[in-house]
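Each of the next two complexes has chain A plus one more chain, namely chain B in the first and chain C in the second.
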Partner chain A sequence: MMRFDRLSSPGRARRISFLFEGQPVTAQEGDTVATALLAAGAGATRSTPASGSARGAYCLMGVCFECLVEIDGVPNRQGCMVPVAEGMSVRRQRGAAGVAEDVR
Partner chain B sequence: MTTVRDLVIVGAGAAGLSAAAEARELGLDALVLDEQPEPGGQVYRSVARVAERRPADLAFLGADYARGAELVAASTGGERRQGATVWQIGPAGRDGSREVIWSEAGAARRVLARTVLVASGAMERPVPVPGWTLPGVTTVGALQVALKQSAIYPAGRVVIAGSGPLPLLLAEQLRAARVPVAAILDTTPSGRTAKALPLLPAAALGAPDTLRKGLALLKARDRSGVPVWRHVREVRAEAGSDGALATVRFRTASGDEETVEADLLALHEGVVPNPQLTRLVAAEHRWHAAQRCFHPVTDPWGETTAAGVYVAGDGGGTLGARAAEASGRLAVLAAASRLERLTEAARDFRADPWQSRLRGERALRRLLDVMYPAPDWIAAPADEAVVCRCEEVTAGELRAVAGHAAGPNQAKAYLRCGMGPCQGRLCGLTVTEMIARARGTTPAETGYYRIRAPIKPVTLDEIASLDSEDAA
Partner chain C sequence: MTGAADIAVVGGGLVGAAVAWGLGRAGARVVVLDEGDDAIRASRGNFGLVWVQGKGDGMHEYAAWTRNSATRWPELAAAIAESEGVDVGLRQPGGIEPFLDQSEHDAAELEIRRMHNQPGVGANDTRIIDAQEVHELEPALGPEVIGGAFCPHDGHVNPLFLLRGLHAGLARHRVDYRLNHRVERIERSGSGYAIETTAGAVTAGKVVLAAGLGNGRLGPMVGLDVPTAPDRGHILVTERLGPLLSHPLTRLRQTEEGTVMIGASSDRPGYDTSLDFATVARLAARARRVLPAIGKARIVRTWAALRIMSPDGFPIYAESASCPGAYVVTCHSGVTLAAAHALDLAPVLLGDGFNDRFAAFSPDRFRNEAAA
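Presenting the complex of A and B:
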């Protein structure tokens, strides 16, 4: 199973904690949601609307839409385009997304 | 809505950043809109932050990457918005200006632009091999993004399969970062070096630095100790019991079937223009037979057939970052001259060194087109291979109707291919090629999906926010 590790070069990146499927996960400042999930070993992060097959990040640059996740209650977010933020709540997207709950 | 900007630049990669620097030097009122969180595009992704916060990582990312920090620094001064996703460029109004609409932080915004520069870059060619949708299969570029953005690397058994300069660069970056690679499957057909030799002198003269770097990468790969399989065909990814990638199966140069176990498979078969924005403005595109993709038709300065809309960088045809810097500058020079902010003589004087660089990089590209030919199997993928990843349409399903489809837009109606969230980015070229093959015609005659706004999914809330902005 695909696993990503962090290079040991220390750098000066701040630690960020967010929730994935309700569980606390540590990321680093500068991560996108998609790279943070790769580093956390999240594996498949969505299932397709057509057949329910499992998908993970493919291009990481905004063109393939395979990394779609639900972020703070809003579905269909491209995980690779959103910087991870302290306290963010990320969930796998299962099948077709419903209409977003009114977040206001 | 009353302000009209001289120039809106879409994208802050090599082309967009260098265009922004030129615009500032010429005193144009330019706005840069880039959808990524940080400037740099793909080649120079995150470079300013890496240089500041993780300088040790520059050692394995390489000197060419580090140079991007200068490009970012040189472009500052004008207005640049990150996290700004452009999803509409409207038709030209009576005064020739166009409305550009983007989403940023959950709300849509718009501006009028006298000229627009599309610098939204390229993407890796879709590679519809069986199993390319499995978790654990990525593009080669994705692994570079992971390294640059977050200093993360795939642990476990990594297999790189493909052809072209990018897999060589990734292999070298991973080697320098001491990340083990289990195997490299080079899908370049045999005999290409001999065919490319006659083009070598022109490439060596035109782009000596880029060529030298490429040759060094080839040598480094062959000395790295990583097993390299050459002239590999029929790559397929297979899942294990957990549903994720477990095995890569392929045919060797001698025709035998081989397998390697893998936790991650990185695919790459070249880079093609990201067509969404140049298609959105209905610019004319031309099929490039050697690269097997469409290029927007432009004049020598990068102006498309949509008046006032220019394209620079790899979105106009893949030539790499050094060429993108040049084409970004040239497009702004032409736009400034059109806006009567620069005489034609001054434009031509400033353009001269950039035109010369562009000619050189084009000579190198002609060599690369022969060295690393675009794969012809894309016109005939295996039946079980998924072509449209979003709607899960297989090559077999598409082949069954391809002969009856007048073109890609009718195939959409039959099968929903190209109608998912990626809006055809990951299937468009395959669908064009397969229909052309089935009908015995050319990709040029077959055409491409019609691309309409919004070119990225937006919520009704975001669209509605445009009205409240007007009321304010």
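Presenting the complex of A and C:
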């Protein structure tokens, strides 16, 4: 279900296809990962390391870190700071980044 | 609150809040006069260690006072959790100072030996551990770590939750907390003090200066010479990571929430909290040698804050000789000493004999040194 409507119709903006949790999602060129997920009605896009509760994009300007997702295998990316790109693979950030595999 | 307070505390940072919390808990009528959000506040920029090892090299009373505070910390944390509902995240698993080369090892060994020869608590059970033991304690430490100094009494806490918890306690103890009340003048008035602030006057039977670096300006108003200087420290914080460290290290600790905090520089640029990027780079480079796993972690915030540093680095506690009932309480370890300030020092302020109890911490020691 769509929770956000675009102010202007897609019109001539180029369509981009990326993957969220392995499923294809359509976005518009110029969207950030966070706005593309909001527009797609993705809902919660991470769980917190502290309590495990669900979170989604909030400030959309790089401050609150609520929109953290894994992008192309790199954890803890700020979805609102990354323009969405064709073929990108985005996954939910579940808790803390796994240092054993991803960082060490 | 209407009418005069028993005691006014100038400063609402960790030192002032801990003292006021202890006074309020003891039943005193307390007013706290604080500056605004633009105040220079070490309390919002510090590292969060409850640290014992190395403290008091050259003043055994400070080594004992620090140890006492670490011992009493669980009581303070429990009181804040029970009555204020704030979990400050206290953990005291012991702490490690990691060595990257022989000179760091030798310096720590000498310090332990010096402190061991002091009266009282000595080196507070700090001991040198070898490479094998340091890696058993912390498997994520890198191969360059050749050993460390371990003190079983060290720990850490969330300093922002601590400040919040103490302030919640002030409200519960009916302490009259006044924000944006910068103190302009303090004068004797009857048996107490009249205090003029930027937002009106207050009278109190006693007055405690706990204004950090502001004590230098305020002290002479009540006959106290408080020589402190701002000492800048940088801190870097990584993104939240899965468990990496189970003990706090001197310049590296993982918070309960998963971020890794990296410290700690020391320089004297004056009242300047801007960042020096060469320093940031140096701290990051050392942190990577100690804990290689954070090499790919992103830094999400970096800041500098100002420590309140006395000439010898030890606290200054005193009652004024010319203005009885006027005190100064200042140190650079507002987190470590919070329990001692709240539970032990505050009640002494309500009675007599403060200078007898805290003789070693008098600023007179600086006069004596200058004369020698």
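By definition in this document, the second predicted complex is superposed on the first by the 92 of 104 C-alpha atoms of A that agree within 3 Å, B and C clash if a C-alpha of one lies under 4 Å from a C-alpha of the other, contacts with A are read in each partner's own complex, and residues count from 1 in each chain.
By definition in this document, a contact is a pair of C-beta atoms (placed from the backbone, for glycine too) under 8 Å apart; a residue touches a chain by one contact, two chains touch by 3 or more.
Keep in mind that this is a model prediction, so the values were computed, not measured.
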**Prompt:** Between chain B (first) and chain C (second), which, if any, makes contact with A:50: first, second, both or neither?
**Reply:** both
**Request:** In the overlay, answer first, second, both or neither for which of chain B and chain C A:12 touches.
**Result:** first
**Message:** Quick check for you: in the superposed arrangement, does A:4 touch first (chain B), second (chain C), both or neither?
**Reply:** first
**Partner chain in contact with A:83 - chain B first, chain C second, else both or neither** = first
**Prompt:** Is A:96 touching the first partner chain B, the second partner chain C, both, or neither of them?
**Reply:** second
**Request:** May I ask you to name which of chain B and chain C touches more residues of chain A?
**Result:** B
**Message:** Applying the document's definition of touch, where does A:65 land relative to chain B and chain C: first, second, both, or neither?
**Reply:** both
**Item:** Where chain A meets both chain C and chain B, residue numbers
**Value:** 50, 65, 76, 100
**Prompt:** Touching chain C in the complex: which residues of chain A?
**Reply:** 49-50, 65, 76, 95-100, 102-104
**Complete:** Within the complex, chain A is touched by chain C residues 140, 239-244, 256-258, 292-298, 300
**Item:** chain A residues touching chain B - in the complex, by the definition given at the top
**Value:** 1-7, 9-13, 28, 30-32, 35-36, 38-39, 43-44, 48, 50-51, 53-66, 68, 76, 80-83, 100
**Request:** Would you tell me which residues of chain B are touching chain A in their complex?
**Result:** 35-37, 42, 46, 49, 53-54, 56-57, 83, 85, 123-124, 133-139, 141-142, 145-147, 149-156, 177, 242-245, 263-264, 274, 389-392, 420-422, 425-426, 457, 459
